[in-house]
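Please read the structure below before turning to the comments.
Chain naming follows the written order as A, B, C and D, and within any one chain the residues start at number 1.
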């Protein structure tokens, strides 16, 4: 009986834990992708170095701008060559391009507004950014986050339902005992206390393995992969606070479900 | 004092197990409840500690009106009444000692008192040797004696026993009757449903005959018997 | 024919409930098993239909050797034996009729036969009116009578009854005894554990006295009684 | 009791079903992403129209090539202008670029080999493809697929465990009944049959809601989104065979778990 409850808590919390870890990290990835959205400001090829410097400063001070990176016209030409073929090398003699500023908005969702604002400044040839594409990307990201959140909530509720179901069944099997206790003069709270304590115990016991497994696995994963992911878009959440947070959540859920499950189940039999 | 007025009980399946019962049992009385199988003896008894509630009519136990008793207070009623259940109702996960001690734990008796009282009462019913055994390791008669021990351990004002000797051999039955006599002589009211003609006819007390949910005879110093 | 040789039973908790039992019960005999509470009567009986297995010794029932009986065959042994359990053992989800019919369904009796036999036996124990009620809606004595009805409905060669009158009033008890007498006169072996002195002394049969797991007396036409 | 089992089957299968649907569709997306990998063949600007035609034919006949799409040097210039700025318009007078062929390998994982093979042909200025990037993308895709598969398997096992746990508990509560049946002379199979039938019944009952919900939801989703996704990378799996497959899987799982759970649980009590 107890084994059934504890193992139900264990497997469900393990699954919930794994999902939370994955979802949180994917969320992080989504953040990173969002933050990767740039506005490319192409300066007027006629503008001189001072003009560009001033423009850069002006852009930097624009509300909503997070970072501005300068890329010279020669660097730009190199980029063009590498994606359109070496035959463009002949333009190195007389580079037709302007300098570029790569701008990131502090809130990626305001990219369009920031771009429009910058477009009004002097010495600008063109402001380029994903436009339609970025909105699409944001839509996809928002949708995936919502789906992910919905899934994790669904999983959580399923877990809670199943665990309290299991606890309830173990207590149903003890309905006769509760009835006897009441007939011998026990008050409701006297009957309830041991069951609630047992619920807490079940919850704690059931969350130990998930906590251990997830802590260990994530720590291993983190120490092994973090160095390799240094320069990637995808970054693992830093192990130390994250593991504790997940553990606290799992323990809380286990105990909460344990108490709640016992409480609800005993209630049914107290009406004797 | 137990007073029933016009008590009527119809079970959900339509069986009328109490059909207008009027009775007064004074403090300190010893009452046998007899009658054929299915007559309504257990129902009569169950209504006293509120395992069943009457469909209509009123019941007073020790000046507690069961009709207006809030369900929060029911445990306190039950603590004044020791019950020997016809089907024993022992807690399967507790051993003999713990089953008896349970009746004292609910009233928050001190551990020392519990130890003393439980050991005394187990000796009284002859189960000292089996104190550490669990209900499923006991014979029918032993289980019945645990139920008896539990019913008297907290010296209740009223003891209600539903066929307390049904699974006991005659010798043990007489021993149990001696115990009941003894606590009755100290002022405890005893209501005992029984089929044991020999006991009823030997240890004379008030006899209430229940037939078809009605009290058909009620005699002080009565004998076992009814028309059927 | 029931033969027990040097049967010894020690429960896991150390209680020795059968301490060298040797007995022969011929086909068609009627045997009372008496003795004090906890003496080992139920254990003696349980070993016959293999609810319990002896620690050592051999048991033969109708020339079936229980020691070598493969567990696949146990159901077929039990079908030859009707048992009235001390705690009734009724199926809570089946009503009275279905509980009795169950003993016929396991032997794959035809529906028509089942209907006839069940109705007959319910009339015999006086429960025709309660055929559609469930065990938890019955009084103690009514449950006991359902258990009795189930034990005899498939006309077994042996009927084993563990205190079949413990919850019955004297009149009903005599009625049940009449039924047992009747099926015994048709050749059925009957083994009955009982505490009912009046019955044992009135309807005379072989009396086996069990005390402390041993047979201390075994008399044809015996009377109820033992030293203790 | 029965409610507990049926509802456990219901919520778990619902969750499993949703996950299967999502995973299968993501798998499809991964396929599409893989298939989106292209080799860009830049022809020699000096090559004439006939040369390029021949080259295209040659590439098309190369082993492992699935599709070849031709893009003229003018189209290429337009692409370049749109990503590097309008100032490049001045090159329209004398386009320095060559024509391009966009090649897809029939097996995306063989892109590198195909590219190398094509690189040996005449009239080619340069063969460009993701190189390192593609391998990385494939690694990520393979990993996500494996993680997805692992998750779905974990979920399946959890579901099976929890459901059979629940069924077991409901039967444990009926241990006394089984014992009585055996004591009255019932054989093991006689006792077992009704429980196994009940298990099947539980399984069927429990899979009905998940089947209905998933069928309906997916059908709605499909009819609403499919037209909008016409030209996207992400395509929904066609509703008709897919819904039936998922339903069959859910029903099978429900019934299997029901039978298995009852069978295992009854076994324990048959030893009387």
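Going forward, contacts are C-beta pairs under 8 Å (C-beta built on N, C-alpha and C of every residue); 3 or more make two chains touch, one makes a residue touch a chain.
Worth saying up front: this structure is predicted, and the values here are computed from it rather than measured.
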Identify the chains adjacent to both chain C and chain D in the sense defined at the top.
none
Farthest CA centroid from chain C: chain A
Per the centroid of Cα atoms for each chain, what is the distance between chain A and chain D, given in Å?
23
Chain B to chain D, mean C-alpha position gap in Å, rounds to 69
Using mean CA coordinates as chain centres, what's the chain B-chain C distance in Å?
28
Per the centroid of Cα atoms for each chain, what is the distance between chain A and chain B, given in Å?
65
Please categorise the chain-chain contact pattern as a line, ring, star, complete graph or other.
ring
Touch relationships between chains, expressed as pairs
A-B, A-D, B-C, C-D
In their complex, what parts of chain B are in touch with chain A?
49, 51, 71-72, 74-76, 78-79, 83, 85, 89-93, 102-103, 106-107, 150
Touching chain C in the complex: which residues of chain B?
11, 13, 15, 34-39, 41-42, 86-87, 133, 137-142, 145, 162-163, 166-173, 195, 197-198, 224, 228
Once bound in the complex, which stretches of chain D touch chain C?
177, 180-188, 190, 271-272
The residues of chain D that touch chain A in their complex are 1, 4, 7-8, 11-12, 14-15, 18-19, 22, 42, 45, 76, 80, 83-88, 90-91, 96-98, 125-126, 128, 147, 151, 154-155, 157-158, 161-162, 165-166, 168-170, 172-173
